[in-house]
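Structures follow.
Two complexes are shown next, each including subunit A; its partner changes from subunit B in the first to subunit C in the second.
Take a look at the complex of A and B:
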């Protein structure tokens, strides 16, 4: 039982990273970025390229992947989302579905469709009070936790974080406050890319790397964001942890192949029972 | 005669086809309060959006303190010294009062050291805000929110403050306080240009009246002269626009 809880928290943290990214882009750009799945994949593959093909350590490769994916995200924004700025969110959602397919197929074109893995030595899991914990899980825990503290700090304690929340709250007023919307949007993409590529590398370390690896996360991470309250990064973290734990728990009673269905059920239940999510104070709107 | 602080010439602006504001031209001299009045649908909101940069004018010029800011976007105009208090949605509701004030300052005013002085100045004018920095702005009452919006616009020391119907939506007992606040801000040395529906109250504190009807500036004259005008109705409806402008 404790083992399942632990596994759930770790897989929840893996979902939490891109969930925070999704929540931030939703808040500032006002559309659900479906391409988030392929951003995870793309980040994992950039790290794979540097780690396996160039031969740098995975730690350095992960850093380069964050930079690389940020550049890709900024390029996509310039080419796709910027011309559509101000379009309604369904248009942008559809555009992001297009971006998803393009990115996934760029990965297939460059790296092939085979299953790959990072160049890391596999260590035996530690045993601790009857729990089995492997190094990857510890790393996921530490990295995800640090990443979220950093994002929280940027968001709550720096001028750019305030600007991000301002644009998310009231874009026109942010304009007349001298805040450049395009700079804020660029910053959001950089943070989202860093979170997604980090998640991609962690997922790749813990499991396998293939062009569909990000796709598997799309459902749980949308479920996490909806559960936590759309556009609320803190809620996204909470939602992700709950999704992770519930999915692990579900394996007790359901065949593992139905794991994904759990996210679906959660989305449906939340939308039916509490549409603004768990931390969803319905946003003050008078 | 000194150069006016704001000089608008042949300004055209609108949405889609057709202009809503047509060839608007007027001036705002330093230190006073000027009020734009006009019937509903005259284009007042469009005019102020164009002035602030939320709507980029199609043609014409906006000269602020000798510099043409007509084609600048809103953030650039804010940095050029144009403050703006929108009619509604004029504070960040999900941010605290302190954060609202910080945001109003940090992206416009270059020098960080001046922040606390600027905040103290705002607190002097609006003592209600003192000690409430950690409260969520969305929880303020209508009148208090208007004060915060006002205070925020003042934070970066704008050379001209634009107000879009500051008394709209306020209960009558707040309206008087609002105009007193406008006057207080002006007395603190900030030049004000506002749009207002409460013509009588607005004119009581204004030096200049600017009449906008059907997208055109019909007249600009001293406020006292406007209130004593024998035929305000004609001004609004535009029967005698050219004659009145000559008389201004």
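Take a look at the complex of A and C:
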């Protein structure tokens, strides 16, 4: 039981990183970014390139991946989302499907569709008080926790974060107060890219790397963000943890292949019963 | 040559039907169905299973249509009250759930191996190349019926209410229109057309597996609807044909660039699709055709 809880928390933390990214972009840009999955994949592959093809350590490769993915995200924003600024959110979400196609297939084009892995040595799991914990899980725990603290600090304790929350709450008012929307959006993309690439590397270490790895996270991500309340990063973390734990629990009664169905059920239930999520404020839609 | 041509035309017809359904659901009623591939997959599998069980054309077709209508009504009932972006997420989640079911219930769907050897309809009457032609004619007739159905809905008072809902559901509700039931009907009408598309898809290819239904189906349909001008059924035909021309045309990329392997050529095509979708949204968001507007003669306005 405790083992399941542990596994659930770890896989929830893995979902939490990109969920925070999704929540931030949702709040500031006001559309659900379906390309989030391909950002995870892209980040994982940049790290793969540096780690396996160039041969630097995975730690350095992960840093380079964050920088690389941030550049890619800024480029996409400049080419795709900025010309569409002010368009309705359906246009933007259809555009994000387009971005998803381009990113995932650039990965396929450059790296092929085969399953890959990082150049890391696999250690035996530790035993601790009857629990089986492997190194990847400890790493996920530490990295995800650190990343979340950093993001929380940026959001709540810096002028940038205040500007970001202001734009998220009311873009027009923020504009009147002289906050540059484009600067805030750029910062959001950089943070989102760093979170996604970190998640990509962690997913790749824990499991496998293939072009679909990110897409498989899209549903749990949206489930986490909706559960926590859209545009509320803290809620997204909470939502992600719940999803992770429920998914692990569900494997007790369901075949493991149906793990993802948990996200579907949660999305439907939340949208039906409490569309603004656990921590979100009820908003008048439209 | 006739074989190749009819093959392309049948594929165009099928994707035009999927786009036609999306045009009703999203173009007219404003319901962003991101999970259209899930509905399409479900109807295709039902058609395939009933054909494999030996049911004749008409029964398989009707079963596929009923599946489309029932699933659409169910999903719409649950999620039609949601805002557009939430609706998109909910339908996508539904489609992924369908995909999971198809992949894992091997006893019914064959899992990842799919269902081979689906009997082809009307094969008693013809064979070889003339069969291809016969199938194309059948597909054309079915598509024409769907098109007429969609066009009639669009021009009817029902279609007018849908467009009113799309623009502002509060106003429509204030005018005494039952928003939820209109949305469910519109979504189910789209589901019926997806049933026809699913039937044609499974019986034409004679083999289906879960990889034939992915997010790319959604992307093609959205491209066709946007290119054709959201809400315009005529424009949609143009949109569907041009998307297919783009798709088929990019098949020849491999001949132009022989240094690419098959996987790379395939991914390059999908990159172009994604880029095409984005360019369309940026430069031609209204599409190339306008949706149907009620015309009032000047004489009538006195």
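One rule holds in what follows: the second predicted complex is superposed on the first by the 282 of 286 C-alpha atoms of A that agree within 3 Å, B and C clash if a C-alpha of one lies under 4 Å from a C-alpha of the other, contacts with A are read in each partner's own complex, and residues count from 1 in each chain.
Simple rule for what comes next: a residue touches a chain if its C-beta (ideal position, glycine included) is under 8 Å from a C-beta of that chain, and two chains touch if they have at least 3 such contacts.
A quick note: this is a predicted structure, and the numbers were derived from the prediction, not measured.
A.B. asks: Determine, under the contact definition given at the top, whether A:78 touches first (subunit B), second (subunit C), both, or neither.
C.D. replies: Touch partners of A:78: none, neither subunit B nor subunit C.
A.B. asks: Identify the partner contact of A:222: answer first if only subunit B is touched, second if only subunit C is, both if each is, neither if none is.
C.D. replies: So A:222 only meets subunit C here.
A.B. asks: Who does A:169 touch here: subunit B (first), subunit C (second), both, or neither?
C.D. replies: Touch partner of A:169: subunit B, not subunit C.
A.B. asks: Just checking: does A:275 make contact with subunit B only, subunit C only, both, or neither of them? Give me first, second, both or neither.
C.D. replies: second
A.B. asks: Based on the superposed arrangement, let me know which partner A:178 touches: subunit B (first), subunit C (second), both, or neither?
C.D. replies: A:178: touches subunit B, not subunit C.
A.B. asks: Is A:94 touching the first partner subunit B, the second partner subunit C, both, or neither of them?
C.D. replies: In the superposed model, A:94 contacts subunit C only, not subunit B.
A.B. asks: What is the contact status of A:261 with respect to subunit B (first) and subunit C (second): first, second, both, or neither?
C.D. replies: After superposing on A, A:261 lies in contact with subunit C but is clear of subunit B.
A.B. asks: Considering only touches as defined above, state whether A:108 meets subunit B (first), subunit C (second), both or neither.
C.D. replies: The second partner, subunit C, only.
A.B. asks: Could you figure out whether subunit B or subunit C reaches more residues of subunit A?
C.D. replies: Of the two chains, more subunit A residues are contacted by C.
A.B. asks: Give me the intersection of subunit A's contacts with subunit B and its contacts with subunit C, in residue numbers.
C.D. replies: Touching subunit B in the first complex and subunit C in the second, residues 285-286 of subunit A appear in both lists.
A.B. asks: Applying the document's contact rule, which stretches of subunit A touch subunit B when the two form their complex?
C.D. replies: For this pair, the touching residues of subunit A are 159, 162-163, 165-166, 169-170, 172-181, 283-286.
A.B. asks: Tell me, which parts of subunit B touch subunit A in their complex?
C.D. replies: Listed in rising order, the residues of subunit B that touch subunit A are 52-54, 73-75, 77-79, 84, 86, 89-95, 99, 102-104, 106-108, 136, 138-139, 152, 156.
A.B. asks: Hey, which residues of subunit C end up touching subunit A in the complex?
C.D. replies: Interface residues on subunit C, with respect to subunit A: 32, 34, 78-79, 82-86, 88-90, 92-94, 96-97, 100, 103-104, 170, 215-216, 218-219, 222, 226, 263-264, 266-268, 270-271, 273-278, 281-282, 285.
A.B. asks: Which stretch or stretches of subunit A touch subunit C in the complex?
C.D. replies: 31-32, 34, 80, 83-84, 87, 89-91, 93-95, 97-102, 104-106, 108-109, 112-113, 215, 218-219, 222-223, 226, 255, 257-258, 260-261, 263-264, 267-268, 271-272, 275, 285-286
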